[in-house]
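Encoded as structure tokens, the structure appears first; notes follow it.
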């Protein structure tokens, strides 16, 4: 166990192992995504209330779910990097941000597109939507902070502080946005979520959620490999790798 | 397949534009997401290789007064 | 030999206040600023009195938040640029308390001041009189949280050549819960309900922020000084 | 021997833009900032769609104004502190044009950018689609005036050790007419009326500002450099 | 190149100098002397035309000048190459090759593309001094140009100043170090005026 | 007072120094040597504990230290008296008389109440140097303390450093000028280490 942690802290080992995981996980993910999308788009019956527009659910919900989970991955990695001074945790944290931001963006855009046919408007200041928007801000804040530092060592530490502060705040943010919404006049529009979902719709949804998790992992690993290369550019093993 | 024709699948009873746009945007974002690290690491590798080659070549060339310690 | 930590903090506090308010007229500047920004809203949103009164809590809270945003970047920047921050980090005094003194000084000339004059602006915007004590109290509590959170952003960005906008990006998401509870508290009272739950939450946030924010600020300063 | 004044201006412009947007991500910062401040208003004022839609012109205009306020102080401060401003004043190039280039650069990354993305925010706040072109156009014209006026304030206060709040006090009164006409133009269209009179006034203000503000800025800079 | 007639300066209620008159002609290398706070920087800024506060008298400039002050005018966000290109852009057009050359001459070869805030104090100053290699102004006003520069750099800079003066131009500088050049240096004392 | 073991520093991809070990004991006056960009400032900041970036090795500090860097930490808005009082407030309690005394010693008598931004460059630095007269820290780390100081000021400062070392304390400083003191100055070369 301990030696595993030790290895995790070793850039060349991590670089290699990430590469070998990607070599099978990435193709598998892409196939699963394509299958899930075709299944959801063409082979399921439409929702009796929303008609065909509900097919957006197969990307909207997975993106939203994984984007949320991603923040916790990022914050935990940040915490590890600050507390145990593990540089590779820092790399993982940094690499989470663009992936999480992209998924959050997808959730927002697809939700917004979905809103037009169902609610008749592109945007409402609903609690969940608003907190999703704040989540996007948090991700982008981490990216902006990281990019602003020239010294990437310091950048990693600074982002770790930020994401750790974020973990404390994320529950507060979610709770407060929820509260905020229930305090005000509801916008007379509700998520359709409650309706128990038909198994024929559920299975492709589950497949898509799984694929999005796998996709998150793949993108994370790819970004980590890039970041490792960048940070270790002057070490012997990278020189050998590049020179060869 | 649920739809009768390709055209029906495209229109989706009037919701086609929304659904297809959502999927298209998602696909685009995902492609960018997966492609950027690949492209960037390729560029980085090229730059590093170039730097190593340059260093080997300019070992004898003009050197800044302070670069001598490397 | 070295003076007590509290004596040191009180010196920091005094120095920061002297720097902010060197001349007597300077005390008026933040007040005047608030008055002008308060005036912006009717100008921009249109002067319909009923609508304005309903939105007064939100408007005043947004102004408090913006005042904090405008001043947060300066919290450590001057000291970073002229080397005072290095001296602070090298001094044998506990950083936790020093940092608390910095944010306290900033709060005194933004949050506290705004809270004290807020009744005037509330009346100008037509807020009902019964809501004014809660408005003041919520501003007192909430703006202190804003100052502490703003301090984290300031410490994270102080070593960067560009500041300004970046700090806003970092801290605005964290300001949002404070804004929500602060304005909700006032709206609750204005609507005849009880605001104690909101105020309790703001108080809890403040305790939390006092306990944790100085730690984060200290860590961030040490990172920034070495960037 | 010396390059043409226009070539020199284009170099100033390029340098200022490089300084603002050194890295590609930097372009996103102002956009993100606008988005966050837009989100503050529903959070503070409440999410009721009808009320928000009514306030949308005012909110967007207030944001444009605040973005300008936040950045105005930095227009010359960095150059003053590191000595670049002295060099600018000593250079044989016409100060009028150089100063215009500085404000143009600032406008490009605040006003122009905000005007370009304002439709998105307008949709989020529920503004009617018919008002969006006028919103954009009024922001384009008006924010240029704001930048020029803000430049005067920046030039006047750049030599002073305290900046921030003082500049806000100096320029906010001049911002107010712009805010009034700008938001009134959008409100007029949203209410089904004609906005061309408002826009004409904004245009006149802009011509006026372009003609006079650089002169004032230049004079103020010469004073500040000797303070 | 430059004539100063009856200069007087009062700062913070203190008379710094009175009735100071002198003339700087081609080929002259003038060093302003004085203890800290004597008014050297103030005088240079007056000669450059940057300052008039508390000042009486007349300065007549017959030639374009270049002034390098305490502040280096080097932007940390920009690279030395960008900084230098910007500095001289008001004066003339230079090719990228000329700019890199000037940087190499001040010992910044290999640092052309490093952001300037990552340079050492002396390197930072050297970015600024690189302007001297490109400048076409006949009159140079330099305020403590040797600050933070190492011994080798000081010697090179002194040689450059002598070359400039020899070519029929003029230099007025302040420094707390004595120049070690084999060229006549005129000392300007703020109280007694110019002495050869 | 201070031990440095196996220090190494990489900055911007350049090896500045490697395996630098030395020890500074009581009574030592150490001058760090090197061209611009050699890494003197970086070393001092590492010794002070301010910087770790790119650094490997170990620094053991046996005594409280005082660090004066490039930046003067003097606020233009405050007077020299206020600035000095603030600077030393972390270290001990001093009476107003002691503070004015220290200012007088650095030649700022009569300037105690002028806002510091109205001081000349050298006077500005002197406010900072006044700390040395009050400091109780045995180890001083000074980065180019002679910058902008006139000749008389340099001589006084040198005398102060010698007094400090003679009293059994230690000084590590960087400077591009050679010290002219009748006290053994150990030279620290970043590449070859300490030489007496």
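Should a chain be cited, it is by its letter among A, B, C, D, E and F, assigned in written order, with residues numbered from 1 in that chain.
What we mean here is this: a residue touches a chain if its C-beta (ideal position, glycine included) is under 8 Å from a C-beta of that chain, and two chains touch if they have at least 3 such contacts.
In this text the structure is predicted, and so the values were computed from the model without any measurement.
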Angle (degrees, nearest 5) of the CA superposition of chain E onto chain F: 180
Chain at maximum distance from chain A, centres defined as averaged CA atoms: E
Intercentroid distance (Cα basis), chain C paired with chain A, Å: 32
Mean-CA-position distance for chain B and chain A (Å): 18
Euclidean distance of C-alpha centroids - chain D vs chain E, Å: 37
Where chain B touches two or more other chains, by residue: 65-67
In chain F, residues with contacts to at least two other chains: 35-38, 53, 70, 77
Multi-partner residues of chain C (each touching 2 or more other chains): 22, 162, 166, 169, 172-173, 176, 180, 187, 226-227
Residue numbers on chain F that touch chain C, as the complex places them: 48-53, 64-67, 69-75, 77-78, 82, 86-87, 89-93, 136
Residue ranges of chain D touching chain A (in the complex, touch as defined): 23, 25-26, 28-29, 32, 35-36, 39, 42-43, 46-49, 52, 123-124, 126
Of all residues in chain A, those that touch chain F in their complex: 151, 153-154, 234
Complex interface listing, chain D residues touching chain C: 20, 22, 26, 29-30, 32-33, 36-37, 39-41, 43-46, 51, 54-55, 57-59, 61-62, 65-66, 69-71, 74, 162, 164-166, 168-169, 172-173, 176, 179-180, 183, 187
Chain B partner contacts - residues on chain A that touch it in the complex: 26, 33, 37, 41-46, 51-53, 55-56, 59-60, 63, 98-99, 102, 105-106, 109-110, 113-114, 116-117, 215, 218-219, 222-223, 225-226, 229-230, 233, 238-239, 242-243
